[in-house]
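You will see two complexes here that share subunit A, one where it goes with subunit B and one where it goes with subunit C.
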Partner chain A sequence: MTTIAATASAAAGPTGQASPKRRRRRTWPVVLLLLGPAALLIVVFILAPAVYGAYLSLTNTQLTGFAARDPQFVGVDNYTYLLSNSEFLASLGRTGEFVLYSAIIGQTVLGMTAAVLLARPWVRGKGLVGAAILMPMVVPEVVASLAWASVLSNNSAGTLNRLTGLFGADATDWLQVVPLASVVVVNIWRGIAFAMIMFQAALEDVPGELIEAARMDGATALQIFRFVTLPLIRGPVFLYLLLTTISTIGAFGLVYFLTQGGPGGRTTISAIYIYERALQFSQIGIGSAASMILLALVLVLGLVYVRLAKVEV
Partner chain B sequence: MKRIRMIALVAAGTVVASALSACSGGSEDGGKDGSDGPVTVSVMEFQQSRIDAVAKLIPGFEADMKKQGKDIKVKLVADPLTDDQFKTKVTQQLIAKQAPDLIDIGDSLVPGWAGAGYLAPLDDYLKGWDGWDHYYPHIKKAMVRQDGKIYALVHDTGVQNLFYRKDQLTQFGIDTAQPATWDDLISRLEQIKQKTGGTPIVIPAGTAWGGSTWTEGFQPILGGTDKNYYSLETGKWDLKSPGFRAVFDLYHTMYSKGLLPVQDLENPNPWEPTKYVKFPEGKIQVSAQGTSGWKFDWGPQGKAPIKGLNEKVDTWQYPGLRSGDAPFGWSGLGFGYGIPASSPNKDAAMLLAQYLSTGKPLADQLVSSGAASPRDDLADVKPYADEPKLLQAGKDLATSVYVPTGDGAEQVAQAVAAATELIINGKADGAQAYDAFLKNATDLLGPTLVKE
Partner chain C sequence: MTAVTSRREPSPAADLTAPRRKRRLTSIDVVKRVLGYMLIALLIVFCVVPFAWVVLSAVDANAGPNVQAPSLSLDNFVHFFTDSGTPRLLVNSLVIGVGATALNLVLGLAGGYALARFEFRGRRLFMFGILLVRVVPAPATIVALYLIMVKLELTNTLHGLILVEAVLQLPITLWLLKGTVSAVPIELEEAAWLDGSTRIQAIRRVVLPLVGPGLGAAAMLTFMGVWGDFLTPLVMLQSQELYPLSIGLFRAFSEHNQVDWGLLAASSVVYMAPPAILYVFVRKHLLRSSLGGALKG
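This part shows the complex of A and B:
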């Protein structure tokens, strides 16, 4: 920004009297250079597909069969179908549970706990603990899924079954018996690192003297956190909640690799429902409509968060 | 300022060029049909045994073509995938006109891809091919799709039966003769359950098994008791055909008596704990299975080899379900070679398909994948000639049941999977599952594909 201002100022000549219109004309190549590639990519890979998806959602487009040759405009039929379809509504409900337990409660609470603990001067081995928490974020999604598939494996060689076996328990097929809880745990494990990093950065901005003053006034550690620290980091917390909610609603790979939406559809969250409809069952019109509904929900949630936090996005 | 504008222009140009480059498909063809240069034809296989078999045959084809004065090279696209992954991936490739020139396709995918116009009709090629005369008439007839054309050259077939552990049933003192009815079979399964405490039979059910719940589980039983559920003439499904309800009732009976391995059927890969672990271990005694069971699944080089397979395992035909039904085997078209309509190398691809569907190359593939020949001139060709189980399956084809279907098979498969899922979850009996199926399938198929 400084460079642009300096360039524009220099271009105005010794009098510095260049009109805003002239200045804009002179700086547009730089603006185009800096913003153009990103804007083009956004238009080509985000906006255009989204608009095309919205169009598809109003048609009965299929990927296979005779219907694929001649898609028809069906208005809001796909939306009507989905909003009265128990499977889709159930997938939305499961997505809500998944987001609530894994992102909003799990990742946020544990990420905050880790950040607060690592901010304490008396904690030893911070580097080691921090690295351990960061590791899940570094591991590729497929590798993480395979690792957890091994941990939760149904036979006695599964890591968790080995642990429970020490207490005499029989081998359990965790992904069959408690599938949603299992994928929630895995998603928490994977997301803590990002939460911790964001909250650590926010905590560093909390003035130490405020904490000190509260302490001198006799506030307990919990009271200091609740009434001093938390209000001061409200913005970053809500920003994190916004980001993690969006990314968790769109989560696909982790759940798909572990359970493929099963057993009995018990982990068929919306992203998996959309994948099944659009790509496995070739109903791209219905899949697109489901995506649009999900997009609308995310936008509403985003607005709520932004309002609550008064975060500038 | 001019310099900045130039940089901006170059940057924008680079991005556009990169985007266009990324969006365009690379072509590795050395030449196209009709040109003088060499042609490289790509062929895709997605099952390891087929990959291995075809890889060995490619040099022979190239040499054969060279003798005929044709410079054709083959690129094998070896991509081990599950059935559902293969379908999802290749559908995208076909839409994007980026699919390989020749694709080895399971028959259940052909109606959907042919209907959408992704596959080229092969009739003109077949008319001029001497090998076509050796195809069994009933196989030729079954290959014809709803619009009267052929879109995949079938090169292996098989018969779906009930494979059972003869060694265990004999040990338990349970009759191993062909059961005449499902009541008879269920009675034997209950005896097995009393002896072992396990779940003695696996038949694909539920959503985890994907499209195979329909093609390998439900449809064979349905076809044996009711052949009127689809009309090739009208292209419509009769969802009220009585066989549907009867098969849902059968599934519920097996579920309610604790005969099905419910938890395993809900595994993301349900064939693994059932067909590849428990049947070989003798913890499941009966399995719905095609001819490929003798090689691809349980053969010495199969997914889960069973030592002494031919002595330990034998087959029953499906028993009759409703009054008057006789035991039957269900024939499937297996795999066939299809050529994308967008392929620039159709002629060369067809030459490869014909080569792979003839004589020794075909015999090698049949033995590798465990399939029966669709042709009448393979019985003496080794190594196929040395495989009595496969030869028998080839003979059984003539008397097996097959109901060709067309557009909408995927939607029916989806509705059947969802309805059987309700049964194995204990949420529906046969009648309720049928009602759910009827509503779901009617919605999915739409008015043009459902008989009033």
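This part shows the complex of A and C:
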């Protein structure tokens, strides 16, 4: 149908009397005028890059040098190269580890802990606790990275080294010795708040009567959480896992700022691999093919998300 | 974790409203509470301690790369605002942030109104499409986006970056404003039409005053997104005089030999202040925007 959405009363209104055909003719110009610019720009700057990237991934385009003049169509060469390239496969593996440890395990466990604790009626100063946990999410990526650069600093006066020094450990250059674990911790730190907010919203919907009934029946707090609360918030938790997985696959700034992919490529997650290949080694074709593989992985997850979210438009 | 609130009353509803009854805590309750507070304390320490260096060094005239007791002074901030390079970073960040937000809101309000008030073919597809687009990781499209920008001769310009940033945040704004406009009863507009207003006049006089809060939330979310963006300016801008704070800080930090730590920390404080302040106002909208805008939080 045409014109005014979602109002039954529109039929009684002044526009309701016009014939559907006339209304349609009047609707399209207005819609194009209002939505057209936004739609066009989204197509040019969001959709076109994805499509153009798919094309580029089938060529040997380079930013500079010989192939920059005259890029050739190379079919799926870039893909076969990547899928047999240990460096790229390792970057995918690192992305998987990064997502698993930081998002799926770390953020979820700590976010749930924070949400459950803050739901306790006896906790004082909830506002302040919440604000403290939210700080890491609110500040810009670059500030977060800079803050952690001082924590992970290699000299003996670095914050973490001072802490481990209390237990008698020697100063460690964390970003050199355990680079991936370091950026995983940083990413957990940044993501606790989002997990907490999601889980708090979910926990609010759990009816208190059910918890009460379980308690009457003599269930321990842990049993209540495991057998009553968790099944009830399974949906939101799953949705959160999907969301955090998708966004963590695209993580770039935090890791790039702290390690630039090093040392020796040990923190080169896929996003950094793409950036290096395409914009530093100027191999646009290979970088684009890597992008497409990453994009395919995320789009599958995204479709699941859109289906599960059951949004109403 | 606990079994603390006194739940003697038979009716749970009464229980919720009644003030908690004072009851002697059992020793198990005490242990649980102590453990709970210890966990909370650990979480707070983990979340807040990394900021120690930024905050302490910003007010330390002799700041180094590590946490140390500051010699309280505002020298670093004075440097930040008087140095040759750093005020430029702030100005660029503001120009990009404000410009992109303004453009984003104009496009978003017009589009959101169309999506809310007109039923047309492809509307649902469009809404789902821009929702799905939000899951695409920026690093996966940045290369092709860069080449498109090169062809449009928009790389290494502030207006090019403003345009891209405004559009990248557009899907959230459209979702948010579509919902906001839908919440304004159409009857109000119809009344204005009957009084002789044109459609545009009705939007200006009736809709615009009522969508203020949604518009404000969209503005703040867009501004925060653009302000904090690192990858897009990193790829799009090459000239130092165009750098926003994010890139300026990154470059300053990467020059390993001659880092002015105090200045770096002061810049960070200046850089993190706007989103930290804005955050207070957009707290309840942040969940929706983080991915998709479709979550019923």
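Everything below uses one rule, namely that the second predicted complex is superposed on the first by the 256 of 313 C-alpha atoms of A that agree within 3 Å, B and C clash if a C-alpha of one lies under 4 Å from a C-alpha of the other, contacts with A are read in each partner's own complex, and residues count from 1 in each chain.
Here, a contact is a pair of C-beta atoms (placed from the backbone, for glycine too) under 8 Å apart; a residue touches a chain by one contact, two chains touch by 3 or more.
In this text the structure is predicted, and so the values were computed from the model without any measurement.
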{"item": "Partner chain(s) touched by A:291 [first = subunit B, second = subunit C, both, neither]", "value": "second"}
{"item": "First, second, both or neither for A:134, with subunit B first and subunit C second", "value": "second"}
{"item": "Touching partner for A:299 - first (subunit B), second (subunit C), both, neither", "value": "second"}
{"item": "Partner chain in contact with A:262 - subunit B first, subunit C second, else both or neither", "value": "first"}
{"item": "First, second, both or neither for A:37, with subunit B first and subunit C second", "value": "both"}
{"item": "Touched subunit A residues, subunit B compared with subunit C", "value": "C"}
{"item": "Which of subunit B and subunit C A:279 touches, first, second, both or neither", "value": "both"}
{"item": "First, second, both or neither for A:173, with subunit B first and subunit C second", "value": "first"}
{"item": "Touching partner for A:29 - first (subunit B), second (subunit C), both, neither", "value": "first"}
{"item": "First (subunit B), second (subunit C), both or neither touched by A:64", "value": "first"}
{"item": "Those residues of subunit A which subunit B touches in one complex and subunit C touches in the other", "value": "30, 33, 37, 41, 44, 279"}
{"item": "Residues of subunit B touching subunit A in the complex", "value": "1, 4-5, 7-8, 11-12, 15-16, 19, 84, 87-88, 91-92, 95, 111-113, 115-118, 206-208, 210, 263, 266-268, 273, 407-408, 410-411, 414, 418, 421, 424-425, 443-444, 446"}
{"item": "Residues on subunit A engaged by subunit B in the complex (per definition of touch)", "value": "11, 26, 29-30, 32-33, 36-37, 40-41, 44, 60, 62-69, 81, 87, 154, 173, 175-176, 258-265, 279-283"}
{"item": "Touching residues on subunit A, where the partner in the complex is subunit C", "value": "1-7, 9-10, 13-15, 27-28, 30-31, 33-35, 37-39, 41-42, 44-50, 52-53, 56, 110, 113-114, 116-117, 120-123, 129, 132-136, 138-144, 146-151, 153, 155, 157-159, 162, 189, 192, 194, 197-198, 201, 208-209, 212, 215, 221, 239, 243, 246-247, 249-250, 252-253, 256-257, 270-272, 274-275, 278-279, 284, 287-288, 291-292, 294-295, 298-299, 301-303, 305-306, 309, 311, 313"}
{"item": "Residues of subunit C touching subunit A in the complex", "value": "1-5, 7, 12, 16, 20, 32-33, 36-37, 39-40, 43-44, 46-54, 57, 65-68, 107-108, 110-111, 113-120, 123-124, 126-128, 130-133, 135-148, 163-164, 166-168, 170-171, 174, 182, 185-187, 190, 193-194, 199, 227-228, 230-231, 235, 245-246, 249-250, 253, 264-265, 268, 271-272, 275-276, 279, 286-287, 290-292, 294-295, 297"}
